[in-house]
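Letters A, B and C name the chains as they come in the text, with residue numbers starting at 1 for each one.
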């Protein structure tokens, strides 16, 4: 049997449901943990970030007004489609993170299960986080959580898949749309995830995935006046983190600071809550 | 339901009082029962699950063809385009004389004479859009001239647009008087009043504008110009059909309904016919009282007609493209 | 063009999509076994055709089913993580979606409801309830019942014939999500979709004994709820049986939730959106042939618009299409059983005798099967039996009121309290009525809406406990 020469994939960005190269034409070499060549990833520019925000904003109206039941089904569908690509994800994660096959498979399983966990939250959020408020007057008063809008996220640098999923899913489950900058050195699982998102029922623009450098791209997202919130999960550098928070203040972005998350732990509700508004409605009772 | 049918009838008996001022007209129109958006959309969706098969489908396809105002309303319209349209209207399928003609062709007013000559004694009517179609932004004098030109050229039907700006700013009397004036200029031609429901935005507005048009003398009320999205929809049509029904109940008079714009497939057309059938009854299933304003719908109806006749799916190469 | 009117040609759904066995056993511990009671027949109420013979579970069979459920609870399900219980329930939800057409056809054949309702309402909701409760299985600590709420154990569930598979979903989905195992008895006239559901449990690889389905009538149900090793009883059905169950459970440790009868008021004010109100009245009482515990069986209409509303209602009712439930254009299907038909006839005869005025929608009733045409009684007062007793059929009683106070007084003047409807464009009036009505569900400018996120259940003799929503978990958790 002759050795077959494999066909290699071009790794691209994922913006508005399409897979463009960087408008800048740039790419950078990605290696595995031993330094062997893996891929040339597209290196996103500020203009790619701009395009991604436009796509995320355009998708917001439809995604946030979809029924919670529908959003839950879509997130669950992502889990289903990922399950069918377990082997590919495990290879990606093993190469990116230098793990044994077994460990990589466990991480992929955890990432799939994380979608399932968040899928179930879609139609329960407002039951757990909302309330009916007994105001002292003839008024019906209730509070419901609503998505804040377009959320820009810097995904964890180390946990290239589980960390990424753990950041993206809680952003979109409530109806936000996301622009996510992947791990710079380990972007390959994110590109595979993009392909899963594109072939699940996730509407175009709900998740936009950029590969590239946080120090180059994140400042543009942090300062973007049409971004409503910022998730700094993957920003390790203190000076950069501070400057992003300063930029974010210009339009009062909600900022979720970096944390030393154990991505395998029970995620709880905090990442969902970080990107919610609370709306309270008053209505007279009488007539 | 601030008003019972009887009360409406009483008001109609004193129609002069209703239309005495913007204030009285406003009181009347805003006294009409409200339309609940969720409820009316659910009703339209429920009716759209009706399954029209075999003999019923064959009947409905021919009925739908006979209800079409075959339309071309482009800046690029030419005598040649109008000629092919007229030929298609008279004989939609050259291979099958059993296919009924459409109800009318619908063109801009300057092309009426041409269409009239082409259609001759075929029985297919000529409808002309008038009154500064589609925006309606011109003086009443211009609109009247536009209408008289079309009538003089032989138009059987006038499709006018209401002044949406006046309606949305609450100048109901102006809208009413303008419709009445155009009606006066129509002579024997039938007047279809286009509400442009996509710009009225709410179902309450659609119901009020329907009544306003009927009060002012409309022979037909029509959803849309086709130039604004959304054009005809099922729930908007349902609200307008309910207005026709309540008008009939209150006055005994019949006002027709035309759904125009965006209806392209046989399946959609069937849904409109079901709405008519279940809201106004079989009496209303006639080109005299219900029309489709459409162009590409006709070929889809013909393709479905082929399918029913032959048992296999046809293709676009087997209907004429004009 | 032919001059004939627009008659919808028959558009029958194919029954070939579902295989019905000639006989069915009991589903116990993951497999079908023969019951020890006599077999009974389940018929298609639209044709009186026998669909299948079904085993009746004897007391011994009930014991076996409860033992299987106990074993599965102790050895497997109580040790299965919430995450894995969620995955099983998600699988079931997907399997229901995948086999939706088969389930819809079988439901319509066995129950008599129109295929458009089983297809567009029942089965999609079944999937939705499983999907919703699947999501709770690994989130119980967030449900407001403390950090680590525990299941009860073995749940005995007895369900009615009006929404056979949907009632199964309302019972099984929250029970399994919370970590219980179940023995469920479907109604004797509609067992088939529950038995098909057993096959879905097989496809989902649900561990044996977690779900057990036993068939039979009242005796089987009694044996089940009175079984000493049952921790929880969930019953949906008549108020009379519900009271009997409450008595039998007295003095035991069993937890109990009851979803019983109703006599809901559907209240229409003079400023209602009239065309939508008429639709709501129609769906309120004629949906599912009126076999709905929360049906809007009493129309309370403001006197100033009563004539107009009733006139519009009658006109609308003349367009309802009664007949073959398998026809996609059928609006009103068959009455579920000869027994139920007799009850409807008896109560409507009382309506005549007591002086109410009967109006029947003009429609031809098929020669075979159990049928009752949509019927409206006017000139009904609070004193009439048809205004007080649950008819559970396509029969509407029309009463009038003058003021909101009077509407509330009349609406609440019943031992039941399951649901109510309010129709007005005035929001503050809706909220006032909602506050004063003694009913577990109040629909405003709509009626008969169901959703897995929304708690459902009654006040007073309509039962206690809630199904659906976060509240529905409480019925299956040790949190009292």
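The definition used in the following text is that a contact is a pair of C-beta atoms (placed from the backbone, for glycine too) under 8 Å apart; a residue touches a chain by one contact, two chains touch by 3 or more.
Worth saying up front: this structure is predicted, and the values here are computed from it rather than measured.
Centroid analysis (C-alpha atoms only) places A farthest from chain B.
Inter-chain contacts peak for the pair B-C.
Separating the centre of chain A from that of chain B, both taken as means of CA atoms, is a distance of 48 Å. Mean C-alpha position of chain B lies 43 Å from that of chain C. Annotation: 41 Å between the Cα-based centres of chain A and chain C. Residues of chain A that touch chain C in their complex: 68-69, 72-73, 76, 113, 116-117, 119-124, 127-128, 140, 269, 283-287.
By the touch rule above, chain B contacts chain C in their complex via residues 1-2, 4-6, 33-36, 38-40, 42-43, 49-57, 59-60, 62-63, 66, 100, 242, 273, 277-278, 282, 285.
Residues of chain C touching chain B in their complex: 1-2, 4-11, 116, 120, 270-277, 279-280, 305, 307-309, 311, 319, 328-329, 425, 445-446. Within the complex formed with chain A, the residues of chain C that make contact are 83, 86-87, 90, 128, 131-132, 134-139, 142-144, 404, 426-429, 431-432, 435, 452-453, 469-470.
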